[in-house]
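Shared between the two complexes below is subunit A, which has subunit B as its partner in the first and subunit C in the second.
The block that comes next holds the complex of A and B.
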């Protein structure tokens, strides 16, 4: 069996089968189980290495050919696949608690399969096309058939589609730059093309206006999944570009441009987040600020760049899944999630409210929570490069902290006579409990990520030299 | 020489169809123009790609037109007044917009030919015209069908140019997939909300 078949074709087919054959209740468990199994295989069985189990020899071959091009997953991809499918399993199990199971799990599996294909495809810049296909597949998740599509989803699909031509053209031009590195005009043109492409993909300021709109218009759990999945793979795609092209990682102006777009996103995301009165929009701005932190990490001129990126990426999946799940539970009671709608809900949904606030604090970089170690590492590197940038990032995270305090204040604003009750189901409470436990675990013992962090830099060998 | 003349005729056809899509309020005319536009784009794509690969783009394009047309035909309750809230929205404004896109294309074509020799002036002009028209269309509309038309127009312009520099079968296949996906997505979004169902949140509140 080949690795691309196992981690791309199989989950894609499984997603299609779940859509047509399984009931809503079973799909969450089956989809989650498939993801867990794929994560465990990625963790335990090295790709392209023969393993002898008794008299049976098992070997997962690394590549398959498709239309004259190859899809390749190497041994170094194993930990990354384990992280991706592990986090995807968390999202899929959560669908049972958020009551969005059926279409979410099937489409989610297909999206993850396509995104994995974007890592595997050679030449790697074809990933832009696959990312676009994944983005299109997200839309039915966001807009159920009973809902009229709003402006957010239209802008989302426009921006994702605009990104693809820019990246494909820049990839072609970058090959020209490699052939004649002294040609400054080609370097500038390809740099501008690439920047535009990634600006659309990352939703860099001011192209992120669709995110808060989408959080208002669509189910929070589905949008949370989108805000986790697409930026995660875009970051890996961007790391691939930096790793592949020497001049990109050695040009200080490009590093500065990435760094400052990250600073602007973090600062504006945090500050605008602090001014919101809608819980969905707050999550949207927090996701923007976190995407800014990822860009910041990409712009660091440090050999720890890859480590810091993955230290930010892994807890991000956990934080967003817990936050989005809590929000989707609360939304069923407090539609449409404005502060005025959620007043006093802390006494009616204590587990969901607690989980939401903890996930929010973790994104803001609160000590002892999952987001803290990555923020600390980021600040340590950033303060050496630019104190002004560190200040603006601090301001952004402070904005997120203020938003968390405002959210908490709205939740606890109950009359004195209202009683404490627990309206979450056991499944919901258990899922949120596990998520919150994970957030504390990653915050207090960040070294549990060390086995992954030590092997992931092997994927981008030029960046860590 | 004959091929060159047909290429320039294709460019003219692209200018006319793109303007028609931008200006026309009737979805039937817009979709018809899109179908003709794919024919012109097909000719320009086959300047650099084999006939079979070019025809993939043509067939895909016509399939997309059919998908959007069938979907729009089945929707009878779309309120025309709600379709487009963008101002100014007069035909003259849109013609001027298309004129600007055409002038930009005329200005940029020789420069691009100088930077990337061998692409061919009609190919560059046709590609730029479609990209310009698509982007202009996206800028002046929030109507779902028109957004889909804008994206498809922009994408076919890009495909004409990209076909000249990249001839991989996988890319052609993936681009066909993206085009079809956009068509299906447009159809899905047009249908969404037109079916009277109740959301889970509304059910809980009832």
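The block that comes next holds the complex of A and C.
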């Protein structure tokens, strides 16, 4: 069996089968179980290495050919696949609690399979096409059939589609740059093309206005999944670019531009987040600020860049899944999620509200929680490069903290006669409880990620030298 | 290692209480277990003296290249005094719990023991990272306790505001840490750049309601004696401990901070003197004494800051835990006024060693107000609880709990830490004592010194917080501006606006790069 078949074709087919064959309840468990199994295989069985089990020899071959293109997953990809499918399992199990299981699990599996293909495809520029396909598959996840899409959805697909030609053009030009490195005009042109492509993909300022709109228009759990999955794979795609092209890595202006974009995204995301009155929009701005942190990490001139990126990425999946799940539970009671709608709900939904606030504080970098160690690592590197940039990032995260406090205040302002009760189901409470425990665990003992972090830099060997 | 031993005594006892609660809800020896664990912890802190100074480093976060600062605890001539104060308070709360209506609430005792353990870890934290983690734990605990115990919109909102101000304190400590990281070295308090000291003072001041002056705690909170006292005092002392570890360098900003701290000190002292009872006055007690600690730190006297921190927990603890009208105990409580007097060999003996310059007058006045208020509250004869119906062991345990705190105050005047056996400035100490006597004499004769009614205290608190109404207006203005920008970007012409912003953005970046 080949690795691309196992981690791309198989989940894609499974997703399609779930869509047509399984009921809503079963799809969450089956989808989650498939993801868990794929994560465990990635973790335990090395790719392209023969394993002897008694008299049986097992070997997962690294590549397959498809329409003349190669899809390759090497041994170094193992921990990355384990992380991706492990976090995806978390999202799929959560669908049962959020009551969005059926289409979510099937489409989610297909999206993850396509995104994994974007890591594996060679020549790697084709990843832009696969990312676009994944983005298109997100649309039916966000809006029910026969429903007219809102403005946020339309803008999302427009911006993702605009990214593709820029990336493809830049790839064509980059080949020219490699052939004649002294040609400054080609370097500038390809740099601008690439920047524009990634600006659309990352939704940098001011291209991110579709995110809060989407959070307002669509189910929070599905949008949360989108906000986790696409930036995660875009970051890996961007790391691939930086790793392959020496001139991209070594041009300080490009690093500065990435850093500067990250700072602006984090600062504006945090500040705008602090000024919102809609819980969904706050989550949207928090996701923007966190994507800014990832961009910031990419712009660091440090050999620890890859470590910092993955230290931010892994807890991000947990935080967003807990936050989105809590929000989707609350939304059923308090549509459309404005502060005035959720006032006093802490006493009716204590677990969901507690989980939401903890996840929010974690994204804002509150000590003891999962987001804190990565922010600390980021500041350690950033403060040496620029204290001013550190200040703006600090300000952005402070904005998110203010948003968390306002959210909490709205939730707890219950009347005198309001009694404490628990309206979450046991499944919901258990899922949220496990998520919150995970957030605390990663915040107090970030070294539990070390087995992954120690192996992941091998994927981008030029960046860590 | 000894730090861990002390904390483990407290944590394991707390765990044992929880297990007992689940397995044997009616166990009659739960109190004995709780008190036994706390007593062992108290004794173990004295054993620190044999090995001091020593450190405890927890396994480092990984990858080590990203986390250069370990989680580090240190027992030294300052942190020991705080630690013994917290251990004494924890034991004292449990000993005096025999009179409380929640006597059978072993979960509350488990909470007190856990808070005690975390408090000791907080005061021994030797770098900003460790202190950030400890502060965060204490703040989350306090927030949860408040939210569970209060009722009504206003009280819930105040609990959140209180959490928010302490969170800002955490933010300032974090910023001081980031500035230190910019120097690229492993950070402990002693090696932090001198210009970051001011952020630490601001952080502690903000958490305690001193800089700028505000009321972080609701005076009418239902968390009163027992768990409430532990929460308030341990939280306060963990904030103040940072001031004992650093020598603040004077900057251009220092005089402004000293003026603000003086205002807070006078306000806290005046309100404490006029508070209707000690529990309603507790927020002012903390503001007044904390302001004195901040002034000491700003004047370059960290030992005095530590001494005031110890006074908050030991002197205040004894007073707040006294709930039974007993003439002999009330008189014994006056040991607290000795501890506050800054006379030679008292707990605050070194309080006047720094250069307080123009704020010395305010500090002196505050000290006198705090002492006079303390005497007034200590000598009150009202009280709702009684030992009459209690068994004989309970009759012995309660006064033992109060006396424990009083004896610890006296011991700290003589041994164990850098502020012991200080002769200080006798003239100023005597002046404070004379002023105190005058105020005590005056409170019985002049109406202005008479206690105010509880509702008046609350109204004044709201008045003080009116400063924040202005900030709220600013916030709403910004929100309207953000709304306008958002509507432009998300409206019909949003894509055009976005592209315009993008071009602007690119030109800014290009300029920045050039």
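In the analysis below, the second predicted complex is superposed on the first by the 462 of 465 C-alpha atoms of A that agree within 3 Å, B and C clash if a C-alpha of one lies under 4 Å from a C-alpha of the other, contacts with A are read in each partner's own complex, and residues count from 1 in each chain.
Definition applied: a residue touches a chain if its C-beta (ideal position, glycine included) is under 8 Å from a C-beta of that chain, and two chains touch if they have at least 3 such contacts.
The structure displayed is predicted, hence computed values, not measured ones.
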First (subunit B), second (subunit C), both or neither touched by A:169: first
Which superposed partner A:247 touches (first subunit B, second subunit C, both, neither): neither
Touching partner for A:379 - first (subunit B), second (subunit C), both, neither: second
Comparing the two partners subunit B and subunit C, which touches a greater set of residues in subunit A: C
Which superposed partner A:29 touches (first subunit B, second subunit C, both, neither): neither
Contacts of A:333 with subunit B and subunit C, given as first, second, both or neither: first
First (subunit B), second (subunit C), both or neither touched by A:126: first
Contacts of A:151 with subunit B and subunit C, given as first, second, both or neither: both
Partner chain(s) touched by A:275 [first = subunit B, second = subunit C, both, neither]: second
Overlap of the subunit B and subunit C footprints on subunit A, listed as residue numbers: 151, 158
Footprint of subunit C on subunit A - complex, ascending: 151, 155, 158, 199, 205-207, 209, 212-213, 253, 256-257, 260-261, 264, 271-272, 275-277, 304, 307-308, 311, 344, 346, 366-368, 373, 376-377, 379-380, 383-384, 387, 390, 394, 398, 401-402, 405, 408-409, 412-416, 420, 444-447, 450, 453-454
Of all residues in subunit C, those that touch subunit A in their complex: 59-63, 65-68, 129, 132-133, 135-137, 140, 147-148, 151-153, 156-157, 159-161, 163-164, 167, 170-171, 174-175, 178-179, 181-182, 184, 475, 478-479, 482-483, 486, 489-490, 494-495, 497-498, 501-502, 505, 509, 512-513
For the subunit A and subunit B complex, residues of the former touching the latter: 66-69, 99, 126, 129-130, 132-133, 136-137, 139-140, 143-149, 151, 153-154, 157-158, 161-162, 164-165, 168-169, 172, 331-333, 335-336
In the complex, subunit B residues that touch subunit A: 131, 138, 142, 144, 147, 151, 154-155, 158, 161-162, 165-166, 168-171, 173-175, 177-178, 181-182, 185, 188-189, 191-193, 195-202, 204-205
